[in-house]
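Chain lettering (A, B and C) follows the sequence in which the chains are written, and residue indices restart at 1 in each chain.
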C-alpha cells in the first residue's frame, strides 16, 4: 500500500505556504501520495477544521496520515501532537482541532511532539506547518513509530460539541454546526429524528417551514427545504439558493424541529 | 502505465467535498494518480463544464478516467453514466455534460450505472459524487470493464452547441461559447475563418473593431484584440483587461465577423 | 527517486488551463509526481512569482523540475529557458521570474528552448504553458539532458531586488518586498538586524511602533507587531488583522528600522 498524507490547512492557495509543506514532505518521504482535503478552512477557524476533518477522514485509506494545521496560537506554549484512532494518524496543534474526530472515532493514543531530531533545524515561530508538522507527517508516512516523537499525553484539548436538546413538548432544539460553501445549514439533529414524509415543522430564526425531502430539487427553486444531508444530519437549504445569506444564520444558531402526529 | 483519474467538479475547494472524493478513490484504488482539472466550474453550470472538459481531456493520457460531476439534478431520476471515446472513459451524470466531448470525439459506448455492488452502501440523495461517481471511477481505474456497472444505453442527453451562420453578404455570425477567468470571450468561429492579416471587422454588441493578431500584446494595453485562441477559435480580448466586464458580454451573445476584400 | 515537477503559475484554478498542463505532462511523463506550489500568483505579477518561487524551491527534493509560468509577454520575442542551480531545474519564460532564485542560489547553466522536437506540434501564440513549458518539463523529468533543448545562454533577464540602506544615524531603510495572503508585510531587512528584545523602532508610512516579538500572539489582537518572518526577514503584521489593508501599504513601500541603545 502506498502511504497517503492528507492535508487540511487554512493557509489558502494563493501564497507559497502549501507548496512549501508539500516540498518538505516530498524531500523526506519521496514515495508518499499527497492528497489535499482543503487549504481553505476559514482563517483560524478551529471549529470548521474540526468538522471538515471528521467528515472526510473516515473515507480515506485506513493508514492515512492526516496533517491538519489551523494554528492561531502558533509559537505559544500550545503543544504539537500526534494522535491515533481507527481511521489513521493525526498530526496537528493541540487546540481542539481533533474534537469531532474524537467524538466519531475515539483517539486511542496521543504523543506530544518534542524530539528535535524529527523537525527542521531552522525553526520559526510562525510557520510550524513547515518546521514541525510537515516533517513529522513525512516520517510517520515512512513507517516511523509515533512513540519516537515524544512522550505520551493523557489528554488533549477538546472543544464541546453542542448536542440536540429534547423538550417536553416533543420538539428538538438543535444547533447549526456547520455552514458549507453553498450556504447550506448543517444542524446537529441526526436524520433519523426526522424521516422523510413525517410532518416536520422547522423554526430557524424568524423563518418557519415544514417537511423533509429527499433532495434539494424536491422543492421549487428559491424555496426552503430540509433534507438528509450527506453527513447524516438534517440540513436546511434553499433549492439553488444560499440559505445562510438569506436568513443571516450563523454557526451556533438555534433550530427547532417539531414532529407533528400523523393526523 | 499508472492509471490516471482526472477530476472536474463544481464543488469548490473550500469545503471537504473534493477531499472526500479523493479519499473514497484512494481507498479503492491506491495506485491511481489523481489529477485535478478544476473544481471551480461555476455552480451547476453544465455548459461551462462541458466546454472545459472537452478542451482539456484530449491532452491527457489516452486511458484516463474522467470523473466529472456538475449535478444540479442530483437525487432525481437522471441517470449516472459511463461513456467511452478515443480519449478515455467518462463517469458523470447524464445531463448534457458530455455534449462537447461527443462533438469533438464521438462517444462509442455508454452504460447506465446501476449495479449497487460498485457504489457506497450509505447512499445519500445529495452527494452522488462520493457515493456513486467516485467509487465507479476508482473501479474503472483498476481495470474493471465498463459493462459490469450496468446495461448499455443507446443515447444520452446532449445540449445543442450553436454553430456559426454564414450570411449571404459573406459575414459570419458566431456566438460566445465560453468566457475564461480573464474575461476573454471565446467564440465558436474557427480560427481558419479569419487568418491573421486579413481585413477582419468584428461587431460585438455596440462595439466594433478590426484586425486579427498573433497575441494579446500586439495591441496597446487596454485595446481590443482578436486572436487565435489556444482552443483553436477566434477569441476576443482586451490586452491586460477583462473584455467580458468591459462590454457586459455574456455567454451565448452574438458576434459578427466580416472579412473585407484585400483592397 | 521518483521525479517531481513543481508547478507555479498565475493561471488560477477556475478554468481548464492548469488541468491542461497536468494532462500534457502526465501523457509524456507518466511516473512523474506533480506537486503544486500555487496557481494563484496575482495575474502577470512577475515579482510576486519570483519571491514565492525562491522561498519555496529550496524545500523541494534536489532534483525537482520547477515549471514556472507567469508570462505577460507570451507570443513576443522573449525567450523560453531552462536554468539549473543547486536546487534543481527551472523551466520558464525569460522575463525576470528567476531573479530571486538566482540571488539565493546562483544559476549555473542556462539554455534557450529552441528545439521543436520537444514542444507540441499545434503551437499557439497565447498558451506556451501547454505548448512549450509543460512538455519541456515533462522531458526533463524523464531525465533528458537540458542541452538537447537548445543553445546555452550567457545571461538572462534579472529584475533588481532592493537592498536595505544603512543610514549614518544607524537606522536601516528597507522596502516591503512581498505581501502575503494575510496582509503581512515582508521587508527586505534580515532578522538578525533586529534581534528580539532590542529597542527597535519602526516607521512605516504614517505609523510608528516599537519592539520585535517572537510571534504574532505576543501582542494583543489588533495591535501591530514585528516578528521574525518564516522567510528570515523582519515581517510587519497586525495580530489577527491585515496590516496591508489597515495601512494601505503596497509592495515597494519604505520601512525604517532604528535600533535604540539599551538605556
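We take it that a contact is a pair of C-beta atoms (placed from the backbone, for glycine too) under 8 Å apart; a residue touches a chain by one contact, two chains touch by 3 or more.
In this text the structure is predicted, and so the values were computed from the model without any measurement.
Annotation, chain A versus chain B: rotation angle of 120 degrees from the Cα superposition, expressed as a multiple of 5. Two copies of one sequence, chain A and chain C, touch each other mainly through non-matching residues, since under half of the numbers at the interface are common to both.
Here the spacing of chain A and chain C, counted between their Cα centres, is 31 Å.
Looking at chain B, one finds that residues 13 touch two or more other chains. Considering their complex, residues 1-2, 4, 6, 8, 13, 33, 35-40, 52-53, 55-57, 59-62, 64, 180-182, 214-218, 227-230, 235, 240 of chain C touch chain A. Residues 11-20, 22-24, 26-27, 30-31, 34, 43-44, 72-76, 124-127, 130 of chain B touch chain A in their complex.
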